[in-house]
Amino acid sequence: MPDLEKVVHEIAEEMRAYEDRGRVASYIPELARVDPKNFGIAVIAADGTLAAGGDCDRPFSIQSISKVFTLTLALGKAGDRLWTRVGREPSGNPFNSIIQLELENGVPRNPFINAGAIAVTDVILSGHAPRSELGEILRFVREAAGDDTIYIDEHVAQSEKRTGYRNIALANFLKSFGMLENPVENVVGTYFHHCAIAMTCRQLAVAGRYLAHSGRNPGTGYNIVSAERARRINALMLTCGHYDGSGEFAFRVGLPGKSGVGGGILAVAPGQASIAVWSPGLDEAGNSKLGRIALEKLAQRMKWSIFGE
Amino acid sequence: MPDLEKVVHEIAEEMRAYEDRGRVASYIPELARVDPKNFGIAVIAADGTLAAGGDCDRPFSIQSISKVFTLTLALGKAGDRLWTRVGREPSGNPFNSIIQLELENGVPRNPFINAGAIAVTDVILSGHAPRSELGEILRFVREAAGDDTIYIDEHVAQSEKRTGYRNIALANFLKSFGMLENPVENVVGTYFHHCAIAMTCRQLAVAGRYLAHSGRNPGTGYNIVSAERARRINALMLTCGHYDGSGEFAFRVGLPGKSGVGGGILAVAPGQASIAVWSPGLDEAGNSKLGRIALEKLAQRMKWSIFGE
Amino acid sequence: MPDLEKVVHEIAEEMRAYEDRGRVASYIPELARVDPKNFGIAVIAADGTLAAGGDCDRPFSIQSISKVFTLTLALGKAGDRLWTRVGREPSGNPFNSIIQLELENGVPRNPFINAGAIAVTDVILSGHAPRSELGEILRFVREAAGDDTIYIDEHVAQSEKRTGYRNIALANFLKSFGMLENPVENVVGTYFHHCAIAMTCRQLAVAGRYLAHSGRNPGTGYNIVSAERARRINALMLTCGHYDGSGEFAFRVGLPGKSGVGGGILAVAPGQASIAVWSPGLDEAGNSKLGRIALEKLAQRMKWSIFGE
Amino acid sequence: MPDLEKVVHEIAEEMRAYEDRGRVASYIPELARVDPKNFGIAVIAADGTLAAGGDCDRPFSIQSISKVFTLTLALGKAGDRLWTRVGREPSGNPFNSIIQLELENGVPRNPFINAGAIAVTDVILSGHAPRSELGEILRFVREAAGDDTIYIDEHVAQSEKRTGYRNIALANFLKSFGMLENPVENVVGTYFHHCAIAMTCRQLAVAGRYLAHSGRNPGTGYNIVSAERARRINALMLTCGHYDGSGEFAFRVGLPGKSGVGGGILAVAPGQASIAVWSPGLDEAGNSKLGRIALEKLAQRMKWSIFGE
């Protein structure tokens, strides 16, 4: 096996040179202000070795990456009943599309597009107060990452609340189909808050270990989900984790991954490693431009593609 | 590792008992006549061990599974230029949908939906006579399978030609966007013929070995594609190989696979095995019902999911 | 010319016998409670003769018929600039569809589908307080009808506010495209309130006279809009006034008309008469079932179709 | 009433000055070659007075205007059964869109979009030979126009046959839904031929008289359709006669009309006149640019809008 640490440092170095870093998300000031020069990477191997580089200790807004954690939690609460609320197919549409939702009567295609994640958040709430359930989400992430300093960036959450019209539209649309149990404002409030969790690459890589190791975090020995469920979450990440850029990500990188508009990507090399990259500039499908390139290099050099050596 | 032969025989046995076997494709008489009781499976491991069961030696119409072979051929001819003619994203629509094609100006979403495979066939033809290129496709499949008796079922091809209005519509639609170089009838004629290739599970499993082993058939030692290209074809099979049931297949089986309306599925366990199953009854997305169930059992018992143990 | 009064009474009588009266709108209790047995009709001819029958003096919720009045007002305020905010084409989709809005970047197809009327309401508000602009709308309707007792049913408005998720979704969607200047809650609040105006057939027929007579109410002599604008509003009513049942209404009735889910229809026979009918049961496109039948009979017997005798 | 002849000559004169004449249809050479400078107009009033100007005696390809005549014929043959094959609603989509057809299982929205006219042509054929039914269509047009010299431009028809991929796609798509009784090539062959009828404005205006006068040609005294059917065809022309520019045409012109990509428009002022205009340059929706402007001026000056004076 190639030397992980060496590969990670090389990649961090190579990434500095890139001119075309994509466009930073601009719909809220908190994201628009982030310097596109940032690039961070952290990889934690099966044996616990952690290789990291660049801005790997700077917290960023994980945004849609939180959908992996809320899906895990909701499956724990509702089990396979969750799949009556949300599908398991790639949508073929942008992350915030509402078209499919109208054509398919309010059942979002998968839990990783916005509408689907809003439905998942509703399942987590299931009648409880947003504050308590949001606390549970945050506790889950902290435990998975083994780090109690992880926090929700309240400025980001408030900005989203003020201007997240598209997501509010999606939630009201779901509600109009009878597909939300909780009040719309509770659901979107909780949704905006878990999207506003801030993490470093290092924290995120640790938090994703359970997906790389059959549902069990080898650091803590704690079983988070069953092996089958971990595989299935990985499968969803592969087919749906990058919106309408999911096929491209699978084609180029060959690892399950979930991106966020904050520029982070959590990727999983099953049995091998959990990986977090971060670079705020996005490509046209809304996924981190340098993040994907870095993961492509990493998967290739480490021979980690799930599709063959 | 579990005993492959034992697992394969168990599965073949279990499949006999299934009552609900889906619905056999009925749009042409040649497919409609096939007995839904058929079930075949063949698995060839990295070391060449072949385990097979059920109707594994009865030829069936591979239909859309041929798209894997034509994609491989077209990539050999056109290289990455192919991707100007067809995309790499799941479509989120049924296999024969024309909607996306209109919205995206005649560039099909991927090479595994009908419109995409028609575009790929056009690339293979590139001005040559259908007869010669069809010969090349057949030769390719025979070589991959190491079996010169593989044939095109002319009855099936003629039936498709007479009644394949939807595919003829797709081809004319592509042509109207300037996205076919060859005459429409040449393209659909060639397309209908390569879909009409008949193979047994045993032949199909052998033919797929290059995808399981970094582009090289370990039986012949012959390199068919580069390792990178093999990985990428596998990635496309995973995200797009089962139409709008691709997410479900990834979720349940966890292997790259390509289905055909004849009831066959070619699946790949990278580094481990090439697998062919066949059962003519289809589920609602047009994929073999028992075929998928058998693959789910196989992947689970052999621990072959690409998404983790 | 046939005897208008006789024709109107005959129709009112015939309508009593109908068994299949469609389904009363059920999405808010205030509408669901209305007795489907109600049928009212009022016709006011060019010379001021008013013929009325059935429940012509019972107030009903005019709902989307208010869109005719708000369009008239908004054109008065913004003139042809209004057409940068909303189109003039039939949508081919249900009244509350959001699909077209996504595909066309937040410019609703016409002012008579919900999204379009919400955009028109935003133009009316243009920075002012909802209360004052709502007052203006109500004043406009009262003046047109010459009746100061016309009121807004606050129960209906509050019910819509509580459960009108689909309209709230549309408004947020428009806002996300930057296509609403005012706060979402101001726009939908005003929208829900003008939809909750209650009128009798008699009042409504009088209020529509300016559309039948080149923009001028012959009763008051007051010019409400120019002749050209009146013609154009009539044209929009004809092509878009009944959602995706507009073609059918033009085909059968042959008069410009605007329906509301309260079961009312305002129709215009240019140069001849202004007509209001009301029957709460709706057909599948959400238009008054008996209302349309009554108008079909009326237009035929009075030879009022705009498409020829 | 204003002096018709004077108005027509003024308009013909004014049209000469226009610089921006739109773009001539370019998809077949026969249409692409037509000089955009052409402008013709012919108006025939109820009393038989004919006022004409410009290139009113130069034949042009009527293209989709033929759909009015084939609809009339098909209604004569099939009566209201026709409406099981085609709808009566504006489509909200371009003339050659296939999207709606897939979503609505092969029932075109109306008889004036291409798919709808192809379905209507199939009804006319109903098992007979294309040659005989095409003869009937031509005879119908000649009789309506009272002119036996009207002909089909075989060059245009052959060009369409060679390159009309989109229409061939639509026909095959209809066939795939079981919505064509006749062989695809018979239907599209007949369709391409009736679209290739060549007429002058003068001939076309005469041919449209039955629509302006309750189904009866006042010149010949011959009843072509019932008064009700004439009204209904007019209604369809108004709501659907200009594809996704139908709302705009109703808004600006206020007359039922049907356009063709050859640059012709047949318009009807019920009870007043039948009108034909021709100018080959098209606007973005594929309708004659100057044709519409001329009709707008004519309707305004003659006070012929069906929506009021």
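Note that the chains are named A, B, C and D in the order they appear, and that numbering of residues resets to 1 at the start of each chain.
Heads up, the rule we're going with is that a contact is a pair of C-beta atoms (placed from the backbone, for glycine too) under 8 Å apart; a residue touches a chain by one contact, two chains touch by 3 or more.
What you are looking at is a predicted structure, and each value in this text was computed from that prediction instead of being measured.
**Student:** Are the two sides of the chain A and chain B contact the same residues or different ones, given that same means over half of the numbers occur on both copies?
**Tutor:** same
**Student:** So which chain is the furthest away from chain B, centre to centre on CA atoms?
**Tutor:** Using the mean of the C-alpha atoms as each chain's centre, the farthest one from chain B is C.
**Student:** For chain B versus chain D, what separation do you get between their C-alpha means, in angstrom?
**Tutor:** Their C-alpha centroids are separated by 47 Å.
**Student:** Please tell me the distance, in whole Å, between the geometric centres of chain A and chain D computed from their C-alpha atoms.
**Tutor:** 55
**Student:** Return the distance between the CA-based centres of chain A and chain B, expressed in whole Å.
**Tutor:** Roughly 32 Å separates the two chain centres.
**Student:** At which residue positions does chain D touch at least two other chains?
**Tutor:** Within chain D, no residue touches at least two other chains.
**Student:** Once the touch criterion is applied, which pairs of chains come out as touching?
**Tutor:** Taking the chains two at a time, the touching pairs are A-B, A-C, B-D, C-D.
**Student:** Report the residues of chain C in contact with chain D in the complex, numbered from low to high.
**Tutor:** Residue list for chain C touching chain D: 87-93, 100, 109-110, 211-214, 227, 230-232, 234-236, 238-240, 244-248, 250-251, 254, 256, 270-271, 305-309.
**Student:** In their shared complex, at which residues does chain A touch chain C?
**Tutor:** Result: residues 97-99, 102-103, 165-166, 168-173, 175-176, 184 of chain A touch chain C.
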